[in-house]
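The following pair of complexes shares a single chain, chain A, combined with chain B in the former and chain C in the latter.
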Partner chain A sequence: MAEGEPAAERTRSSRRVARVLGRGFALHLKMMMRSSFDGLLGVLWPLFFATIAFLMFRAGAGGESLVFASFGAAVMGIWSSTSTSAGSAMQRERWHGTLELLVSAPVHFATVLLPVTVAMSAMGLYSMVATLLISRFAFGVDLPFEHPVAFGFAVVATVVSIGAMGFLLAVSFVRYRTAWALGNLLEYPVWLIAGFLVPLTLLPGWVRPISWLLAPTWGVDAIRDAASGSSAWPEIALALGLGAVYLTIGIAVLETVLASARRAGSLALA
Partner chain B sequence: MPPVVEAIDLHRTYRTTTGTFRRRSLEVEAVRGVSFAIEEGELFGLLGPNGAGKTTTIKMLITLLIPTSGQARVLGRDVVEDARWVRERIGYVFGGDRGLYERLSALDNLRYFAELYGVEPGRQRARIGELLELVGLQGREKERVEGYSRGMRQRLHIARGLLHDPPVIFLDEPTIGVDPVGARELRKTIFGLKEAGKTVLLTTHYMFEADALCDRIAVVTRGKIVAEGTPRDLKDQVSDGVVVEIEVYGIENGKVESLRGIDGVTSVAVEDRDQAQVVVVQAEVGREPTHDVLARLDGVSLGRVTTREPTLEDAYVALVTEEPVAADG
Partner chain C sequence: MTSLRIFFVGGLISFRALFSFLRPEVYIPSMLVAPIFQILLFVYIGRSAGLESDEFFVIGNAVQYAAIPCLFAMTFTIGGERFQHTLGYILVSPAPRLPLFLGRALPVVANGFFVAAFSLVVGGLIVGIHVPASSYAPLALATLICAFSCTGLGLTGAGIGLLMREQAVLANIMFGVLLIFTGANVPVDALPGWMQSVSNVLPFTHGIEAAREVADGASLADVSDLLAIEVGLGLAYGAFGYLFIRGAERLSLRHATLDRA
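Coming up: the complex of A and B.
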């Protein structure tokens, strides 16, 4: 009995974490879907991304390059949604006056924060689908889907790993009120460095190690490989692995960041 | 038995900056040595004007701010060392419009916080139902919060703070901005918490509210407790003496300050009433300051002058308007 108790306690605790994550994800997704501003961006972004990709590559090589760019543009939506919204989400919690309530809840703050950023990348998923549809039907790009199962896994791995990257960013937003600008600042460089629109081989050699550390690089690679018929599993594993690393770092520094915010009194300031 | 809530010489300093180009760092002492103890089942009031340090004190007690120095304990545990343990056993409700997800329904809000506060899944539905009934929101729970009145939001706040049935509840100005009828309903709910055996810390800047609800009151001003006791004790402090009220039309600060120098005057305050201002002068028992006051107001356009006995409100005003002593800086 005595030995069973810690195990039962662990199970109870894991179930609770799973419920907090699930409820948080559903709540934030619901909230974002009800925002007319987010809705408008959801309509505009895919149009914008698909048009950029199409115009850039139609003028150049066309054919395979258009397919390359269409998938890249599709992942741009997930990344843009997460990078720009992760910061504003924390700022929004400050404006709503809910940040303090969330911090004072008796759960690890990571279980509160993670569903917010994953919900954002999931919203980006809509942008991805819309971008692909626009590429296909508005611009007539013939998109292949050779390995649908791997393609599905690649998309999920990309969403989750970008969500984890957003989580790492959001950790800093909890402490520093102006850090949301960092998210906006990172939006465009990552488009380039992660190879969304330009193959990494065209970038200077010193950029490549940075690209390898970014989960979106492997996510978009996995999506392209699965679509074109190559094996995508190593890239899927790398995207998920990097996502796990971001999460571990974020969770490790979160308590320190929160203690610093409680010392500085920055949780309530809008 | 140790107190349920204990503040021991709490201090809290904030750093802030001034200036745009030539920035200067400033230290603001929001709380300067606050100590008090609340016993089990007691409804304790922290009373003071805006900016007195009430909210900062409460935020240290609920683990949101780390004290610059001093110690705070809830149910015998240190709020810095055992923050998680303390959080599981306290409820926090603040006043005003914020603290809710506007685009979601009351039910969505309560479900999410029930999860965060570890309410057992099988118990959530019943608990939320009980609380909606307690705060009078049953039937409205599926509406979006953005359509709620200030009073409804405040009641939803209270329901949220009670989800996990905490033994200790912190209420930070819960009736602020609520209309008189709504505020009365809220006070009834707060009194119900005390009757249910909860230990409650209430902050307010309404004297009558503290008087009506609290077993004991601490008056806070400029980050310090200047008086503590039962409402009766505080009333007794001013049961003697006299208050002179003079209606004036435009008075300079220098004139007001000069009244403080009159022998026997214990406090001077200026209140705005309609077109005029009213200078309220309190004096010690046996003094009749009217003549001296009028002499010093020479040249000021005067209206009605009345003399009356002091009330509890006067005690409060006297406490929070007293000049800081030099040692306080």
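Coming up: the complex of A and C.
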């Protein structure tokens, strides 16, 4: 009986964490779906750029490059909805006056913040679907879906790993009062460096190691490979692995930031 | 004299009051660094698609980026006053409306021009385009006129802002439409016919075309018709925006909806 108690406690604790993650994800997804900035604009904004890319590739190279651009443009929305909002995720709680309550809750603060940023990246799925529909029906791109199961896993891995990247941004920018400006700034560079619309071989050589450190690079590669019939599992594993690394670093940064804020009594300040 | 003071001094004070958040830590990433990345993004997409030259994308995106300060700032001239609960005081003041609203546009045009010119110079240096020295002045004029015409469209956005809650969403949508339709990245003649019709009545289309021509060595006289159309569009949008604001002002006073949307 005495040996069973720690195991039972661990199970209860795991369930509690899973519940916080699940409920937090659902709650924030609902909140964002009712916001015209996160909802309507979250769909339209990447669509503007996707439309330009389609028009450019149609007027230029055409053919296979349109398929390449379609899947890349589809993932742009996942990154956009994360980068513009995640940087200021903790700042927003601070403005709402809820940051202290959330930090003092009897669960690790990371379990409160992570579902927020994953919900942000999940909002990008709207844009992803809209972009694929537009490329198929407005631009007549014949999109392959050779491995639908791998494609589904690749999409989930992309959303989760980008959400983890958003988590890292959220905790890294917490001392920066205008974190939203930095979050906005990261939108275009990642679109470019992760190879959403431009093959990495076209970029300068020194950019490539940076792109390898970005989960979206492997996410979009996995989606393209799954769609075209190649094996996407190595890229899926890399995207998820990088997501785990972001999460680990993010938790370490969060611990440091919270410890510092508690010592200085400055949690509500930035 | 009073009207001139409201136009120049009032416009400047309102800009400083409403945009006090534009400190270097916001201004530099949003207004100076972001356009460079937009330029690089489209330069590389252009190379990948085998479409047009680097110069085409540098000029198109640098000039078009004036839309960010112009659209957002003009829209925020109304939204910001409402947010700060000062809109009512302004609209009950006996100040003549024309200098009151247009005066707010002057610093916005100047800022839009600076952002576009900075992007053009820095983006051009990074990508390595060559523009002859004789083209600098006409290129600057074309950029200034584009900032002016887009501010006219922004004034229309400010009027619509009196009727709706999400002005940031509106400004973002207007920016996206301008990016697609004005030929900043896709040559206007490569657009479908209906899109070409729309692009002809939007700010930037003629100004960007003029800017590209002068960068290629055309004289100011060669592009005077394009710049005249761009000025005309700016005046038309500005006049429409001003009338829209007056109409929305009367509507909101009649229904006591000034502070609501």
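In the analysis below, the second predicted complex is superposed on the first by the 256 of 270 C-alpha atoms of A that agree within 3 Å, B and C clash if a C-alpha of one lies under 4 Å from a C-alpha of the other, contacts with A are read in each partner's own complex, and residues count from 1 in each chain.
Just so it is clear, a residue touches a chain if its C-beta (ideal position, glycine included) is under 8 Å from a C-beta of that chain, and two chains touch if they have at least 3 such contacts.
Keep in mind that this is a model prediction, so the values were computed, not measured.
Participant: Can A:Ala7 be said to touch chain B (first), chain C (second), both, or neither?
Facilitator: neither
Participant: Touching A:Thr178, do we find chain B (first), chain C (second), both, or neither?
Facilitator: So A:Thr178 only meets chain C here.
Participant: Quick check for you: in the superposed arrangement, does A:Arg16 touch first (chain B), second (chain C), both or neither?
Facilitator: Touch status of A:Arg16: first partner only.
Participant: Which holds for A:Met56: it touches chain B only (first), chain C only (second), both, or neither?
Facilitator: Second partner only.
Participant: Taking the superposition on A as described, I'd like to know which of chain B and chain C A:Thr98 touches: first, second, both or neither.
Facilitator: The answer is first: A:Thr98 touches chain B but not chain C.
Participant: Tell me which partner A:Val149 touches in the superposition: chain B (first), chain C (second), both or neither.
Facilitator: A:Val149 sits against neither chain B nor chain C.
Participant: Which part of chain A faces chain C closely enough to touch in the complex?
Facilitator: 36-37, 40-41, 44-45, 47-49, 51-53, 55-57, 59-61, 65, 176-178, 181-182, 184-185, 188-189, 191-192, 197-199, 202-203
Participant: Which stretch or stretches of chain B touch chain A in the complex?
Facilitator: Interface residues on the chain B side: 12, 14-15, 59, 62-66, 84, 87-88, 92, 94, 96, 98-104, 108, 111-113, 115-118, 121, 160.
Participant: Per the contact definition, I'd like the list of chain C residues that touch chain A in the complex.
Facilitator: Per the stated touch rule, the residues are 21, 23, 25-26, 29-30, 33-34, 37-38, 40-42, 44-51, 166, 168-169, 172-173, 176-177, 179-180, 185-187, 190-191.
Participant: Quick check: in the complex, which residue numbers of chain A touch chain B?
Facilitator: 16, 19-20, 23-24, 27, 30-31, 34-35, 95-98, 100-107, 112, 259, 262-265, 267-268
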